[in-house]
Amino acid sequence: MLVTFAQAVGDAMREEMRRDDRILIFGEDIAEFGNIFGITRGMLEEFGSKRVRNTPISEMAFIGAAMGAAETGLRPCVELMYSDFSLVAFAEIYHCIAKWRYMHGPEYKLPLVIRSAMGSSFGATGEHSNCLESLYMHSPGLLVASPSTAYDAKGLLKEAIRNDNPVMFFEHKQLYKTKGEVPEEEYTIPFGVADIKREGSDVTIIAIGLMVGRALEAAEALAKEGISVEVLDPRTLVPFDKEAVRKSLSKTHRAMVVEESNKTSGVGAELAAMMQEEMYDELDGPVVRVAALDVPLPYNIELEKYAIPDAEQIAAAIRKMF
Amino acid sequence: MEYSNEFLMKLYEELLRCRLFEKKLVDTYALGKIPGHIHSGLGGEACYVGTLATRQQGDYFKNSHRCIAVANLLGVSLETAFSEIMAKRTGNAGGRGGVNHVSQLKYNMLGFSATLACDIGLAGGAAMRLQYDGIDNMAYTFYGDGTANRGPVHEAMNLAAVWKLPVLFVCDNNQFGISTHVSQGSSVPNPGADRAGAYGMPSEVADGTDVLAVYEAAKRLTDHIRAGKGPAVLECKNYRWRGHFEGDQTPYRDKAVTEEWMKKDSVAKMEKLLLDKKIIDQAAIDNMYQQIDDEMERAIAFAEASPAITPEEIYDNLYV
Amino acid sequence: MEYSNEFLMKLYEELLRCRLFEKKLVDTYALGKIPGHIHSGLGGEACYVGTLATRQQGDYFKNSHRCIAVANLLGVSLETAFSEIMAKRTGNAGGRGGVNHVSQLKYNMLGFSATLACDIGLAGGAAMRLQYDGIDNMAYTFYGDGTANRGPVHEAMNLAAVWKLPVLFVCDNNQFGISTHVSQGSSVPNPGADRAGAYGMPSEVADGTDVLAVYEAAKRLTDHIRAGKGPAVLECKNYRWRGHFEGDQTPYRDKAVTEEWMKKDSVAKMEKLLLDKKIIDQAAIDNMYQQIDDEMERAIAFAEASPAITPEEIYDNLYV
Amino acid sequence: MLVTFAQAVGDAMREEMRRDDRILIFGEDIAEFGNIFGITRGMLEEFGSKRVRNTPISEMAFIGAAMGAAETGLRPCVELMYSDFSLVAFAEIYHCIAKWRYMHGPEYKLPLVIRSAMGSSFGATGEHSNCLESLYMHSPGLLVASPSTAYDAKGLLKEAIRNDNPVMFFEHKQLYKTKGEVPEEEYTIPFGVADIKREGSDVTIIAIGLMVGRALEAAEALAKEGISVEVLDPRTLVPFDKEAVRKSLSKTHRAMVVEESNKTSGVGAELAAMMQEEMYDELDGPVVRVAALDVPLPYNIELEKYAIPDAEQIAAAIRKMF
């Protein structure tokens, strides 16, 4: 079944909500409007206003409410329209949600998911284009997912909803309309299992979200030049599948991380640091980071493009590794 | 209130400029010349114009995303505004900021945050500076009915009240936050004015489709503020004529209601008043439309002809 | 109101337990047996006890940092409480959370965030769950007069009001946020109650040094809430007897005022009432003091004798 | 003149406020109380209530007010009691303060400083012990300082106050009482200039804040074993003095980063990634990260100690590098 990433995300919620009536969704404009990308369209009609609710523009309040609901037996899957807005409830997420069970004891499970649309999208600018995974990776207690395909999005979101830990679930806006094969039958994807999106033997690219496609494009171009690129999609950043990386490096001995966020202290910082520290003997050279320039994302679309890695840039950086 | 013809004409002209600017924005966007999203202010102009008719030289302003035309009222040239909107070097931020950030500090504009309400405190900060220097000006801060439910609004109101800062909080209640009706978002009918009491501030609710009604309410409140009595809240009730952003087909609301509200047209009301009072005739009005439109067309042509910044300039302005 | 002797005795006993618990906390801290900081609740007990006298089986609770004794009232054993406070394995979080996080979900305690107000929304979430399951219970959420000025409080109030959630917001107004007097922090005299109207909620201000006054106000509001009419705000006026934390010598306030307020002693008031009404005699009172103290000493001895968790257990409880 | 770190911080503010009456300070409990560490004691009396103000517990509001004041001609030096609380105004800092000038144009300077007390302090637990530099490093537009001595704190804070960019200024609670030599005469320390706290030839430790002292302790112990450790204190993380690191590595060829924050996506992640990427040829082995364990900081003091690197751990990790 060929479905869009957006449809896959919606289907994951719908299927889970049919399975378990403890699951409810709330967020800004998700009810009548069906969310600004149409992802939750029809859910108000199917599940009713008890389970599908518009919130006021009060991210702190509804993230707090999600926590309270999760503690007491519901399984909220809430939406923060854009991941950028997660920062207005940042203390709630970083301090409270992440640490709650640790600080209060094992009874305090928080089975909740915070979904949000992330990343650049043609002039969305500095406050509506952020890729924030690395911030959440720094707060132990959270799980972090950043899928790149419809298949992964659906399987991971279903898993996230069933998981008893709090999950930050990032969906790239530019991926919503991309289509992918998704099986008719039920499936979930465990967290912490990377997926090799393309096999190769010369270099491993660890790419995240929208960058997976660009890494694949680059790989395609490089194949013609005789460079065989393996593209590894970690799918979840917490937990992170180190073993898959180690395995890939034991073949390629060269690594690159491609991400869409600002380079400094991005996801690539952690992954590069970790690889060179823990897999040094597998590496024949430095881990290369390809990431966005360290600027707020400009409004001008040419400059926006320039700030974010594309296939050409990725390929060029790979060529330099040889 | 009694008004001079000159004042009424000024109000009308500002209203018309906003109307035509916001229309032009929609049209230019439809032509694919503007990146990102725009949020048309059509229907809400009187809230901004009526309020700002109380402004004085030296006041500070924090705008919303809903009426970009305000930048032009406050002094930003149409060339600069459209250049920023069309992402050109000649824009105030060289096209780095875009439509929401048309702003120049030399006109005492404080800027805007697209993370709604995160900028609400700026007016208080500017008011601190006025207070610090013993200057008798004030600061205006505009926000929407949906934004009214964010925490920073309340913190800023309390801070302004406890420090008696000269700030007017102006709630542009266009009845929707995207698709969410004000009654779904707020537990009180007036998410601006009904909250003023929580901080001991006076407030008014004005008909936001009537620029004179807005002006009169704003005048009473700014008199209070300028007298050193601390902040106040003005709420203007209007209705968002278009979708939240262009492309929003507003499936969540009743077209008939929208049409009713669109009849409460602040520009048409002023035109009727001016014609009735014979302050102006239809030919002069038509002429004004034409002139303003020409001005905007020239500005757009200027912006189109302007270069964009180059990749080498991408880091400019980040650090001093 | 008319009260049964039994009810009065129960109230008194809870009050006394809080008083002695909060005293014991101070004493134990002084002995160097408690890490970090404690915030003594001495002087504010009636706010918690009077409010919680309206509680029913199945209600939910979000406590503050100011009266840790509440955990014990709600069911947490003194052994568990002091173990957590003294950082032992036998504490509810194995000593990972500490004094602010004495909490057990089996007693419907929602936990506490030391990032003030970031937890205020929890009660609304618990109330959503009650509403979802059609259960007739409610949720209580305690916060301080200083915390009242944080944005999340307002967001949570609006959300609770707009969704008609069964939540009682209880503002423990002890007149200080650390060194900042309520009048320096808030623009209205009652930072809890005066803000209820902004969300269409009823509110009451009670004498927070009089457990019966608190109870009566709480009763009226919880009746309203339990009748399905939505949230409400209770504000209890009292005075923080000690420094914000132990070691704070309170240079920012007048000792004479503190002494005046300390005369308004909720425990002494109840003792006088019970003695006047001859419900209890002094010997019985003395006996209660002794018994509760013994209980606490035993709990502390238990905690002291308990092992701490080991380094190997440092990751436990982080992920399910 | 031997003064405490706390005194040095206070003196920096006092001297600058005497020099420039556009500078004002506000924050929670900084007026009558003189801040919870006594740092601003006497400043209300000296500068008056116009320049020294207690705020309500409204971090979003007063950070916003600081922005507005800075834009319009004042130079606020505000205090967020604990760095942990910066997260409740995170969107204001990360989205607004950092990006304001970029998004609005060059006129929009924000000469403001946000000071806060950071780090562990004997049972302060998970919400009052955080080291958050890496989060702020990820938002271009901010400067980030994290001094380790009284001398550095004073010189850097004076520079921060004079700087026209917004600065996040972190002061470690455990350092407040430490004493250091500070000259009588006026001085400032430029941002982006690292300081070699100890010279050595075998390995470079880049240590931050409280960890500088522990690295020096470790260096002392290792000296006796014949390992010569260079301790480099970057002092500011944005800008970061890459040249000093390169110079040190050209001598030692081995690098370690020691920080107090959670390891994953901490400061060490960025520094290790950067060094192996940009200074690969200087390195004879992986950059080693010594950091806090990935847990919220536990209340139990023994466990808190266990979670954070100490001299012994640092020394042990160094030994393993040889």
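When the chains are written out, they are named A, B, C and D in that same order, and each has its own residue count from 1.
Please note the rule applied: a contact is a pair of C-beta atoms (placed from the backbone, for glycine too) under 8 Å apart; a residue touches a chain by one contact, two chains touch by 3 or more.
All of these numbers come straight from a predicted model, not from anything done at the bench.
Both subunit A and subunit B are touched by C, D. Between the chain pairs B-D and C-D, more C-beta pairs are in contact across B-D.
With every chain reduced to the mean of its CA atoms, the largest distance from subunit B is reached by C.
Rounded to a whole number, the gap between the C-alpha centres of subunit B and subunit C is 45 angstrom. Centre-to-centre, using mean CA coordinates, subunit A is 40 Å away from subunit C. As a whole-number value, the distance joining the C-alpha centres of subunit C and subunit D reads 36 Å.
Residue positions of subunit C touching 2 or more other chains: 93-94, 96-98, 101, 113, 115, 118, 149-152, 155, 158, 162, 184-186, 318.
Counting partner chains per residue, subunit D shows two or more touched chains at residues 56, 58-61, 84-85, 87-88, 91, 95, 102-103, 125-127, 140-141, 295-296. Shown here, the protein chains touch in all possible pairs. The touching residues of subunit C, counted against subunit A in their complex, run 60, 62, 91-94, 96-98, 101, 103-106, 108, 110-111, 113, 115, 118-130, 132-133, 139, 151-152, 155-156, 158-159, 162-163, 316-320. Subunit D contributes residues 24, 50, 53, 55-56, 58-74, 76, 91-92, 95-96, 100-109, 140-141, 143, 163-165 to its touches with subunit B in the complex.
Contacts from subunit D toward subunit C in the complex involve residues 28-29, 31-33, 36, 54, 56-61, 84-85, 87-88, 122-128, 293, 295-296, 298-303, 306-307. In the complex of the two chains, the subunit B residues touching subunit A come out as 34-37, 87-88, 93-101, 113-118, 146-147, 149-151, 177-180, 184-186, 251-252, 308-309, 311, 314-315, 318.
Residues of subunit C touching subunit B in their complex: 149-155, 158, 161-162, 184-188, 194-195, 197-201.
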